[in-house]
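Listed below are the structures to be examined.
Both complexes shown next keep subunit A, but they swap its partner, so subunit B is in the first and subunit C is in the second.
Up next is the complex of A and B:
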């Protein structure tokens, strides 16, 4: 503490140490606020309006080597109030609608995301969606997932200013069964078939 | 060193006396801890991390203003006024030789 340089150095050093403590304080209080507002058990209602499967042959839809790949899309209704997820340490919330269904073996299960949204402010956190179309076309590792029962859940992920990402899910559960599709031929083959018929 | 050089060195280095060195160290600790607690409370009550950062920056600036410059009050005791040790000539007997 003899010279100006030493004194300035020790003030800034200790300030940086305290920034660590303040960060911990912010993160812990935000977790406590989440617990107090019961954010890990939020209500939600999810209902599936319709599901539609189709067979794709494009690489963009998971097809490998031009093999048929079953794709699925849904239309759904969703209601959930996630306003309480916004406390002083929330930068934004990422919400995503997942469907979980049994995999190849009875013990295994697969999970896919149909829809997601980044909520950046408290005002937008009360979600009410009607007849919302899925953002993503979904396919399985296997060729087909027809007739399997899927469970829809709305999950969230808080991206904080300080601290760790916090994950959670809402209580509401929706369900649907992947529809059975008969394999369609690609358009070019259909045209050929039509031509043959006409001739 | 010439007086001018000593003056420049003192200005750049800004030395303070021993008691004040202890005092500034304590001030540094207590001011910053108090500042961070107050800043945390302000941030929590207003529910805003921005307010917290502003409050903490203000407390850091205040601590720097109080602790860092070599104020006259920190230099009341003269460090250089210590008595020099004066060596004394002592006769040491060496074995085998007669001491004069």
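Up next is the complex of A and C:
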């Protein structure tokens, strides 16, 4: 009756069940911890220092067949303390700065990432960025997106050691309007940037 | 000449083997049905999402979201390329009828334009995705990597299975 095979089977079964329960316990308690620290409503402050659009012709910048494609970049300030997102089940936190803006028709909408960061330790989770440049040059599905208003938000994703991926966003909201195409920064915005620096 | 009891034992064992295989297959198809994805569990094969996902980790997919969000990790397939890719959505553009996505590996310096098909600028969330990653379990999938990439391991495993069936026979 008690063959090696059967013994192996029952040991394996027990081990799998146990690992399942332990994993579920680890994940659920980490969620409770996130709730207790109010992690889904973290403060943040986001402000746009300057924004500039230019025209690109390379495929790397979204141009198809060498046609002109409007590209936008921003410079921004950002402050947010995400230390509480780190608990026993946090392997990494991926933070990303998104801009949401309307499309041509009222039903359409767009959301793009200007900047992101992989944070792997608690010590690096208190973000303070000044005059930070966007990591990515952003283009739209259409040729141009000038004069549309964009809303900036800082969002995060917790990559767990085990369990479900957890998403959330911080409370702060920034905004800017996609400018006309220029090769250089408009003077007014440069002035604004200087004023902010002096403050 | 023919020992009937022996045949019966053999048939019973064969039946049990078939039972194991079919129940595994049914479980897989059931997951497929629930998640609406042709492969509801995938094993990570590349390091482009490190340190979040390492080779051998397994991911549970869900394919019933009507719209994907920026920040979602999706698994997509490109025409004429065999291996599905696990990357993060960094842009989404949607209207009532369709949604276009641009993806990027967290660990890669640039977006996935170079990985897409010739002249493809976006993924279509309806056609190109196998699903969105919802759950994660580390390391377990490394067995499949060992089986597919290491011949000795495959033979060792087959040998071990053969021996245990013989021993289990008594």
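Going forward, the second predicted complex is superposed on the first by the 170 of 199 C-alpha atoms of A that agree within 3 Å, B and C clash if a C-alpha of one lies under 4 Å from a C-alpha of the other, contacts with A are read in each partner's own complex, and residues count from 1 in each chain.
In the analysis below, a contact is a pair of C-beta atoms (placed from the backbone, for glycine too) under 8 Å apart; a residue touches a chain by one contact, two chains touch by 3 or more.
These numbers were taken from a predicted model, which means no experiment stands behind them.
J.: Which chain, subunit B or subunit C, ends up touching more residues of subunit A in the combined arrangement?
T.: Ranking subunit B and subunit C by residues of subunit A touched puts C first.
J.: Touching A:3, do we find subunit B (first), subunit C (second), both, or neither?
T.: Touch status of A:3: both partners.
J.: Of the two partner chains, subunit B (first) and subunit C (second), which one does A:141 touch, if any: first, second, both, or neither?
T.: In the superposition, A:141 contacts subunit C only.
J.: Going by the contact rule set out at the top, does A:162 touch subunit B (first), subunit C (second), both, or neither?
T.: both
J.: Identify the partner contact of A:32: answer first if only subunit B is touched, second if only subunit C is, both if each is, neither if none is.
T.: A:32 contacts neither subunit B nor subunit C.
J.: Classify the contacts of A:49 with the two partner chains as first (subunit B alone), second (subunit C alone), both, or neither.
T.: After superposing on A, A:49 lies clear of both subunit B and subunit C.
J.: Contact-wise, after the overlay, does A:24 reach subunit B, subunit C, both or neither (first, second, both, neither)?
T.: Touch status of A:24: no partner.
J.: Shared contact residues on subunit A, subunit B side and subunit C side combined as an intersection?
T.: 3-5, 8, 161-162
J.: Show which residues of subunit C lie in contact with subunit A when the two form their complex.
T.: Touch list, subunit C to subunit A: 51-53, 69-71, 73, 88, 90-96, 100, 106-107, 110-111, 113, 119, 121-122, 133-138, 164-165, 167-168, 170.
J.: So in the complex, which bits of subunit A are touching subunit C?
T.: Touching subunit C from subunit A are residues 3-6, 8, 23, 59-60, 62, 64, 91-92, 94, 96, 98, 103, 105, 107-113, 116, 118, 120, 136, 138, 140-141, 155, 157, 159-165, 167.
J.: Which bits of subunit A are touching subunit B when the two form their complex?
T.: Residues 1-5, 7-8, 10-12, 14-15, 18-19, 21-22, 25-26, 29, 87-89, 161-162 of subunit A touch subunit B in their complex.
J.: Would you mind writing out the residues of subunit B in touch with subunit A in their complex?
T.: Where subunit B meets subunit A, its residues are 12-16, 21-22, 24-25, 28-29, 32-33, 36, 39-40, 43-44, 47-49, 52, 56, 60, 63-64, 67-70.
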